[in-house]
Structures are given as structure tokens and as C-alpha cells.
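Order of writing sets the labels: A, B, C, D, E, F, G and H. Residues in every chain begin at 1.
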Amino acid sequence: MVQAYILIQTEVGKSSNVAEVISQITGVVQAEDVTGPYDVIVRAEAETVDDLGKLVVAQIQKVEGITRTLTCPVVHL
Amino acid sequence: MVQAYILIQTEVGKSSNVAEVISQITGVVQAEDVTGPYDVIVRAEAETVDDLGKLVVAQIQKVEGITRTLTCPVVHL
Amino acid sequence: MVQAYILIQTEVGKSSNVAEVISQITGVVQAEDVTGPYDVIVRAEAETVDDLGKLVVAQIQKVEGITRTLTCPVVHL
Amino acid sequence: MVQAYILIQTEVGKSSNVAEVISQITGVVQAEDVTGPYDVIVRAEAETVDDLGKLVVAQIQKVEGITRTLTCPVVHL
Amino acid sequence: MVQAYILIQTEVGKSSNVAEVISQITGVVQAEDVTGPYDVIVRAEAETVDDLGKLVVAQIQKVEGITRTLTCPVVHL
Amino acid sequence: MVQAYILIQTEVGKSSNVAEVISQITGVVQAEDVTGPYDVIVRAEAETVDDLGKLVVAQIQKVEGITRTLTCPVVHL
Amino acid sequence: MVQAYILIQTEVGKSSNVAEVISQITGVVQAEDVTGPYDVIVRAEAETVDDLGKLVVAQIQKVEGITRTLTCPVVHL
Amino acid sequence: MVQAYILIQTEVGKSSNVAEVISQITGVVQAEDVTGPYDVIVRAEAETVDDLGKLVVAQIQKVEGITRTLTCPVVHL
């Protein structure tokens, strides 16, 4: 199992809606609005890095109003 | 009361107008054009962090010509 | 109550230890190692923005091996 | 007269002291701690761009604990 | 002969297609999807720096869905 | 007299044309295509910081294909 | 198997030596000096994301002269 | 012949001296102090990309007080 934080930038004025829509996607544990260089921070999980990549590209990035996503996989050192 | 600086990037050629329009918004103390990685720097205040977030998303980001805002809340350490 | 994500960069080779030490601090909910532009992502909470600022400056930034912290307060829009 | 915002990054744990010391420098109008990618935001003024550069390099950057300064001159368009 | 890595950001949801199309271009050795601040990393080669610049501007940047490219020429020190 | 370097990012595929058009603008000394995080680097000069700001906003940013400009005034320390 | 590009910044004047030392580490496929915002680009592989994290933190970041590493796992979409 | 701009960040308080020392190096055409995210902007030239890399690593980065250099080769498209 791979967990990750996904740091998201949205179009201006869209962050609230983006967080709401993302929080419904399977594999997403939590999605919250934040202030600072990112607008929404998501916690998600998937079976493999490739599945995580697909979750981000095929589902999260499809949400209207997202301009950039930055995936940070959690590592257990 | 929460104060914050809001560092704004605008579409090319829009910074002057953006600063003018923002300076009329309630809660905005000052809005000025600058050169460098940001185009406009705003000082604003609100009752709470959530109110500040709403001010930014619901009012400032509605101004035409803004591409990114970066909110930096003032902290009293 | 104010929640925040704190995105942390550490000196090379220190991320694992930094996450462990931070996770013991009162007010810190979770601290995990990640890959990407940040090395550790922390979730913390405090009574006010000022308390959050003090938690970051007076306690988290005291942890040996941290080079930069970026606080992203959660906002409820 | 040239005004500018100076966005400052400090060593971890030093922001509060940096803001205090900077606020005493002649030409500095205000110096406040913030959260986000910068730690202290300063407003300063000088006669010319060269004087502003000297104020930053010869006085503000001399304050112990500063790692980067980013000067954003105000422009009147 | 000049080799280079080209770090590419794409529009959301376009990275997979961008990598596929780029991998067909003459001069491109490899093009792969990655996670993090970049979406696709390309390895390319050309006769001179100017030819490399032309390859990037005239061919790679023509691929639909690319928003930024960052060319990092390999140097033999 | 104020001199400045202006670091410019363009839409993909537009850098060559942007450099050509900018080099015709009064106050622009030189405009060249580069590789790396910026696409065009311009050297310009104006009477004052405000005039420089006007040159950038009213003329350079009007050139079609520019997405960001970053003005770096030269200082004589 | 997980592949990744690791974008490395080094202390000034150390890039050549860093690339040489890293290229000897098991799991590293290639390590080259580049110009631009990064100094060395490495291609590495490991069994899992956690193993990749350990390779980076326990071995690559131990190389003298490295200041930041940015791991970009390859994803097969 | 390869020309390049080299964007330099220095330790706080060192920019003026860095510019002076660099301007003496063979291959350096001009070195000036600037304000903004960079502290010194250099124009240099060399026979090849590899020679340019050597000029930067073996000579410019040896100057005391430099923390980062970013080389942007000029391209003729």
C-alpha cells in the first residue's frame, strides 16, 4: 500500500469546490482547503506507485479548476 | 483579529488595474503594484483565519486578471 | 481551533529522525517522511494563528536538522 | 522616494528576533513575522533604488539569522 | 554532441499522452512520466546548443498539452 | 537612470518571436533567447523605477506570448 | 521495481565529485552533471517506494557536498 | 562560441564583493548587482557547453560568498 500527500493549486476562486469534489473520489482519505502556495491538500492511498499515478492523472486531475498537482509519496525509512 | 499580506501574481499587463480594484474591497488596508516575482502586494485583515480565507477566495480572487494569490498571515510570536 | 499542514525541508540524511522527534511534540497530530520537494509533512493544531506560529517557531523549528518550514493553515470556506 | 517590500527568510527559530532588530533600522517603516514561504515582511523606503539596495545589503542583511531577502520595489503605474 | 534532460510540466491529465508523442520525435532518446513537480522527463541529444534549443522550441514544445519545459544540458566537467 | 534585467517566461513555442518583438521597443537594449527556467532575458533602461515599471507593464507585457516577467533592477552598491 | 530520477543540488564547486561518487552506489543506473537549477541528475531503481526512499536517504544523501535532493518516481500510466 | 547568463545567489551581505571578483574572471563579459530573487547577474562566454560548465564550476563557483548559480545558455533559434 502506498500513501501520499497531493498538494494542489487551483484556478483562483475554485479551491473550495475542488476540495469537495476530490473528497468523493475512491482512494482519497481527506481533502482540505489551505492558505499559502497550495490551495488544497489531499491525502490518498493506492496499491502501487503506478496505481497512485493513475489515481492522480485519471481521477484527481480530471476535477475542474485544478491547475497543478504535486504528489509526495509517504516513505517509511 | 488576523492580519495578512497577500502576494499576488496577475496576468501580464493587468497589475495596475488589479491593485485599484482590490483596494476598494472591505477588509483590504492597502494594495500596491510591485516589481519582482509578485505584481501586487495587499495588506488585509479579518476576524478569523477562516474569514481571511473567505475574503481571499470569495472577494480578492474574484478580481479579473489575478492568476495566483499567496496569503501570509501575520503572527505575533 | 486552527489546524495546519507544515511542509518541512531537512538537512540531507536527517528526515527520518526529524519526523520521529516532531511526532512527540504536543499539538502535532502526525508527522511522516515523504519524497519530493519536502522531506516531512506534519499535521498540527493550536488554539489560534498566533499559537500555531509559536508552536512552529518555538518547538518544531527547534528540532535539529530542519532547514525550512512552510505552514499552510487549513481554512473552512 | 522609493518604497519597497522586503520578503525575508530566516534560519529556523530566528524570525521573531530578526523582525525586532530590523524594525529599529532607519528607513524601515514596519517589520512583521508571517507564516508561509517567508518569515518576515518588511516595508522600507529610501531616496533611490541604489540607496534601497544599500539599505538592504549594508544594514538589513547584516542582521544575524537572515538567509535570503527578496526586495520588491513599489511602482506607481 | 550535446545531451540534455528536459523537465516538462503538462496541463492536468495530459502527461501520459505528452510522453508518448514526444518519444517519437527524432533526437529524443527517452520520455517517461514521473510524479512530483514535473510530469514528464525527457532525454534528448543534438549537435549543438542551438540545435538543442531548436529541437525543444520547434518540436517538443509543439506537442499539445505542454505548459513549461526546462532544459538542463549535460556537461562533462 | 535605472537599468534592469527582465527575465521572461513565454508560452511554449513563442520565445523566438517574443525576443524579436521586444528588441524593437524603445528602452530595450538587448533581448535574447535562453534555455532554462526563463525563455528570454532582456536588458532595459529607464529614467526612474516608475518609468521602468511602466515600460514593463505598458509595453513589454503587451507582447503576445509572454506569461510572466520578472524585473531585476541593477543596483550600484 | 520502482525507477526514479533524482534531481540534485550541490554545494558550489562540488557537482563533478558528487556525480562521480553517486555513480558507484548500487541501485544507481546513471549520474550526470547538468547546468540549470539542478547540478546532477541521477537515475536509480529499487524494489519498492520505501526501498527507494532508503536508497536516497541512507546512501545518496550521505555523499558529501549535496544540499538538496528531489526524487521523481517514474510512473507507468 | 556559447554565451550565457549566470544568475547568482550569494550569502547575505556578499553580493557587492562577489560581483567585483567575478568581473575579473576571463570569459566573463559583465557582472552586476541586482535586486530580486537573484543577487548578481553575469554574462559569460566560452567555446563549448562543456567549457562553459567548467568556467562556472571551476572558476565562478570558487568565488567566496556564492550559494547558488543558475546558468542560462543563450540560444539562437
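Just so it is clear, a residue touches a chain if its C-beta (ideal position, glycine included) is under 8 Å from a C-beta of that chain, and two chains touch if they have at least 3 such contacts.
All values reported here derive from a predicted model rather than from experimental measurement.
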Touch-network distance, chain D to chain G, counted in steps: 2
Equivalent interface positions on chain D and chain H, same or different at half: different
Same-interface partner of A-G, chosen from the options B-C, C-D or C-E, over half of the pairs matching: B-C
Higher-contact pair (C-beta pairs counted), A-B versus E-G: E-G
Distance between the centres, which are taken as Cα means, of chain H and chain F, whole angstrom: 20
Distance between the centres, which are taken as Cα means, of chain H and chain A, whole angstrom: 39
Where chain F and chain G are represented by their mean Cα positions, the distance between them in whole Å: 35
Averaged-CA centre spacing for the pair chain E and chain A, given as whole angstrom: 25
Sites on chain B at which at least two other chains make contact: 15-16, 33, 35-37, 49, 52-53, 57-58, 70-73, 75-77
Chain pairs in mutual contact under the definition given at the outset: A-B, A-C, A-D, A-E, A-G, B-C, B-D, B-F, B-H, C-D, C-E, C-G, D-F, D-H, E-F, E-G, E-H, F-G, F-H, G-H
Chain H-touching residues of chain E, taken from the complex the two chains share: 2, 49-50, 52-54, 57-58, 73, 75-77
List of chain F residues in touch with chain B within their complex: 49, 52-53, 56-58, 61-62, 66-73
Sites on chain G touched by chain E in the complex: 3-5, 7, 15-16, 32-38, 41, 70-77
Chain G-facing residues of chain F, complex: 35-37
Parts of chain A lying in touch with chain B, wherever the complex brings them together: 9, 12-13, 15-16, 33, 35-37
